[in-house]
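Accompanying notes for the structure given below.
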Amino acid sequence: MFSKLLVANRGEIAVRIIRACQELGIRTVAVYSEADAHALHTLLADEAYPIGPPPPTESYLRGDRLVEVALATGCEAVHPGYGFLAENAAFAEAVEAAGLTFVGPPAEAIRLMGDKVAARALMARAGVPVVPGYDGEGEVEAFLEAARALGYPVLVKAAGGGGGRGMRVVASEADLPAALEAARREARSAFGNGRVYLEKFLERPRHVEFQVLADRHGHVVHLFERECSVQRRHQKIIEESPSPLLDEELRRRMGEAAVAAAHAVGYVNAGTVEFLVDAERRFYFLEMNTRLQVEHPVTELVVGVDLVKAQLAVAAGEPLPFAQEELSQRGHAIECRIYAEDPARGFLPATGRVARAVEPAGPWVRVDAGITTGDEITYYYDPLIAKLIVWGESRDDALRRMAWALDRYILLGVTTNIAFLREVVRHPAFRRGEVTTDFVARHFAGWQPPQEEVPDEVLIAAALADQLGGASPADDHHPANSTGAGDPFSPWAVADSFRPGGR
Amino acid sequence: MFSKLLVANRGEIAVRIIRACQELGIRTVAVYSEADAHALHTLLADEAYPIGPPPPTESYLRGDRLVEVALATGCEAVHPGYGFLAENAAFAEAVEAAGLTFVGPPAEAIRLMGDKVAARALMARAGVPVVPGYDGEGEVEAFLEAARALGYPVLVKAAGGGGGRGMRVVASEADLPAALEAARREARSAFGNGRVYLEKFLERPRHVEFQVLADRHGHVVHLFERECSVQRRHQKIIEESPSPLLDEELRRRMGEAAVAAAHAVGYVNAGTVEFLVDAERRFYFLEMNTRLQVEHPVTELVVGVDLVKAQLAVAAGEPLPFAQEELSQRGHAIECRIYAEDPARGFLPATGRVARAVEPAGPWVRVDAGITTGDEITYYYDPLIAKLIVWGESRDDALRRMAWALDRYILLGVTTNIAFLREVVRHPAFRRGEVTTDFVARHFAGWQPPQEEVPDEVLIAAALADQLGGASPADDHHPANSTGAGDPFSPWAVADSFRPGGR
Amino acid sequence: MELHYEVNGIRHAVRVEPSEDGYQVTVGDRTYVVRARQREEGVIDLTIGTRRLRAHVVAEGPRRLVALDATTYALERVRPGGRRRRLGAEHTGRLEAQMPGHVVAVLVEEGQEVEAGQTLVVLEAMKMELRVVAPVAGRVRALRCRPGDVVERGERLVELE
Amino acid sequence: MELHYEVNGIRHAVRVEPSEDGYQVTVGDRTYVVRARQREEGVIDLTIGTRRLRAHVVAEGPRRLVALDATTYALERVRPGGRRRRLGAEHTGRLEAQMPGHVVAVLVEEGQEVEAGQTLVVLEAMKMELRVVAPVAGRVRALRCRPGDVVERGERLVELE
């Protein structure tokens, strides 16, 4: 096993990786941008180094600097987490070229799966069903003809996109030429690759993905599925395992397809094969994520495997410690992503300082958090505050536990989606497992937080906190500078002139 | 299911029961002694009622008051937790006589298993092996003769005792008459029952217990074993599951014996059959605990069953939702009991105010705590602060995780056994699974906490906290009275005259 | 002592009087006997009648954020008799940044004619992409941003005429 | 500013000087550049060189309890030039209560002759039973406790002669 590893990421996933390394006795090196100088991951790692200004392009996406830091600090491996450089083939190559181990798949597998058009072709050859579409490089005429054959609506997608980015629905032939043109322009600007392709638009599909794990010795297993259909802005907010949709037979067939996909691309390490499942329970390869997923914990709790430790073991050359038939699902796990965002305003990201974070704690309740009391949420990075994950003996049990935990999650100072999630997990359609990717749009369009009368108890609490001087002063960072501002005993500023605690 | 339940207990187990009820939508009523007016369980329950002064005999042992409160508040059931009245047959009867459901076994099963002599006889009849001994009511001569046949050393035990209480080892015949006399006198005084019996003293046995669960419809299953050999003062401090000692065959035979024991006594609800296993891997019935155990979480994590919810379901008349063959063990779980006690002074209980409690958090780390920041630990009750439980894919994995978690458990203000536990889980014999009930005495006799030089970092932290005024004032309760003492903005008292934050 | 809070534009007066074993608190015409205990900074345990509650309270200037029973409330402490603070006007124009972020792409030039619905600027923040589109057909009078710019919410990005 | 702490009878002087971007702290003859940030009450994040640490610090009168890196330290803040506090004498007599608790049973009477090792009193606290035994043979001169009494650690229970 490695003795020292660089964590090329931030937030909750950096914290998750550092913790796994701590248990295994692997020393960790964190990197941080100027915006993250006080972030949790810098504190937990054994060492932490600044790598640049806040914009990712000047810090977390600077592969050259990351390799430099890894070499300078004597690291043997680099874990990319998810996002940032996790699916960047050139970075994986640079890491390996520097004599370090990249905790992830071979660069070639990343590159292949990163080109959505090439991936579709490869999967089709490997016998994995793909969504009917048109991947040609022809002129507009060829696209029009293909779209006619597929039937409208169709999706125009960017070959360099993924995860819902750079995707548009086209309802009729008249709109297609303009849509292609705009999509190409935007794809070029956003991904540096203007190629686009067509896919048949599936009506209200389910998003079901399979976790795979492969070692360097040719063994590939899958760790069953995750149902990720509850999405907003094409991004997942609730994930669960098992999927309420799958039966044993469909689970087996999809699992086999996922393993075949991994074999076809020479996959090593942890990866996820995403499928769409239509109303007739036909499944189609959507894309493969060549990295750890945000939602990996639901699999961990149901299958009983620590995926981060498994990644490290596989990267170190160890063979998988289990065969497919030794793996099984037990109970049910659900994850809710706690975002700094405003569900009542189109889920727009929110920023600010977390004045107080109190995570729920209890049996079978897990919180993977990267943000704690006192942290700033800036607009530079993903607004994910934490992942709340619960396990239960059954789906009902897990749902009750999730409702319990969401009710006890306290986050003051930033707008979050917690109130929204509370209603989703209590929604009858969700409770029945009737989730499709349009679930949020169907059931929560125009959602507004309940506007309740303020209960007397709240006014009493505020008044007594003022009376006792007991509210935490959120806007005082207690900086350890040499002025008096760091003295928490000076009353925090209030707009009017009364002194807290005075009578 | 019940709609409202009285929790006839305090501390972590009261909190555990309340949480399970919250998830199930059962309203809860807490009771508290004067010493517990601000305890966590009173805060979490829907209602809380005082039941008397601090001594248990005047509060938590006042079964009459508990039934009164349950009836007055419209409860349908009473959960006794462990300790206090949990194994009091008269209380179980009083609860049922009042028309309430006792969440536990029938009074008759409690009574039978509470008389250790009667229980031994019953088990022997049911074909469950018992430790060779003498249960007769004869004179000293008969005891002498029996002891001669057993061979010295022998144990003199109180029929009304249990859990290691009222037990003494006698090494030679000369000492037996005096020991019997003294044991009878003490047993009469301590348990109100002077009857004593003899057992062969097993050299360095293992303590292995089986969790059983029985419904009102005659179904009994076991949920496998817990290894509880690491003890001090005959009380467990570390428990794990599976036992490193058992193989499949011994596990199967012991499990069957546990189920037979439960059947023999007409058992219903959760219970534990305790066995001793000698060096030749022979097992003997020791006693049956007719209640939930402190260490139930290790079973929960390995078997995937919520035992408190199962207790409630069974008490409500539901049949067990699983058959024996559907239950299995996955991975490995370990529990460390975090006590307010001084391992360097004979594990004597410690008291005081918890100035700060920060529990470790991370994947597969669970803390069942009844004490949080600001709570007082008094000498009236068990000094258990919390239970730290971890799960891992293997025993090694769980051990690493436990070491990780113990290193991150912060408890300031009271003496605890955390530093001691840290060394136990890292001890080579423990890591090899070589634990017998004399483990602590053999390996940790005369243990003293490491006396390290204070690192400069600690002095720097103290100095900067004083400089910034940033240490929490532990001795200030912030009482909400009408004097100025509740103002946290007044500097906390220091012995000398400098002002924190001043220069 | 009387304290005043404003929530959603409504003002609430809370009178707090020390009493034998805690406080007598009056909200509107309702009076409560309350015991309070500050467990740690920002955490207050209340006993109101037979109910026990834990509230988390944070002060941000005159704002009070209170978390109680699964809900978060934002109160504003106001002076007795004082006036409400005016809320900043909401920016709703479609040519302004709807969120803070950075400009990924500017797809038009000054002087260019655009159609209604045409994408003018692509913003990105925290993995989210937002397109700023023309609400009506028109001509781009001025561009107020360039690719790579960091913009605040409400900032004007494009002027149409 | 110089602060003084005593740990295990040894005195440490810590000099803290504000500097450009934090503090210069001198402990003995070692000087550190330190940045500190109080995250919440009692929690201080330190950067000492390239090391980052989180310390939990609690003050109990002049005592400072510090948790750092899996270990807890008890320091006593002392006045510059001041004298050490005298520690209370340890009670070690075997006829005194070794822990606070209550008296379960008194097994002897006044005037009774007892043997060395004989149990005189049974104490119980927090599920633990402790026997107070005679260290030598002798006669019970006086009993200072009765069943049900609550006793403090160090309290004398029995007098032998």
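Odds and ends about this structure:
Lettered A, B, C and D in written order, each chain numbered from 1.
One rule holds for everything that comes next: a residue touches a chain if its C-beta (ideal position, glycine included) is under 8 Å from a C-beta of that chain, and two chains touch if they have at least 3 such contacts.
If you're wondering where the values come from, they're calculated on a predicted model, not measured in any experiment.
Looking at the partners of chain B and chain C together, the chains they share are A, D.
Chain A and chain D have CA centres that are 48 Å apart.
Note on chain placement: the centre of chain B and the centre of chain D lie 26 Å apart, centres being C-alpha means.
Inter-chain centre distance (chain A to chain C, centres taken as mean C-alpha positions): 26 Å. The set of chain C residues that touch two or more partner chains comprises 18, 23, 36, 38, 40-41, 51, 53. Counting partners per residue, chain A has 464, 467-468, 470, 472, 478, 480, 486, 488, 500 as the residues that reach two or more other chains. Chain contacts in this assembly form a complete graph, since each chain touches every other chain. Within the complex formed with chain A, the residues of chain C that make contact are 1, 3, 5, 7-8, 12, 14, 16, 18, 23, 25, 27-28, 30, 32, 34, 36, 38, 41-44, 46, 48, 51, 53, 55-62, 64-73, 75, 77-79, 82, 98-102, 104-105, 107, 119, 122, 125-130, 147, 150. On chain C, the positions that touch chain D within their shared complex are 40-41. Touching chain C in their complex are the following residues of chain B: 38, 42-43, 45, 47-49, 372-374, 472, 477-482, 486, 488. Only residues 18, 22-23, 35-41, 45, 50-54 of chain C touch chain B when the two sit together in their complex.
Chain contact summary for the complex, chain A toward chain C: residues 55, 83, 165-166, 182, 185-186, 189-190, 233, 235, 346-349, 351, 355-356, 358, 379-383, 406-408, 410-413, 419, 422, 451-452, 454-468, 470-475, 492-496, 500, 503.
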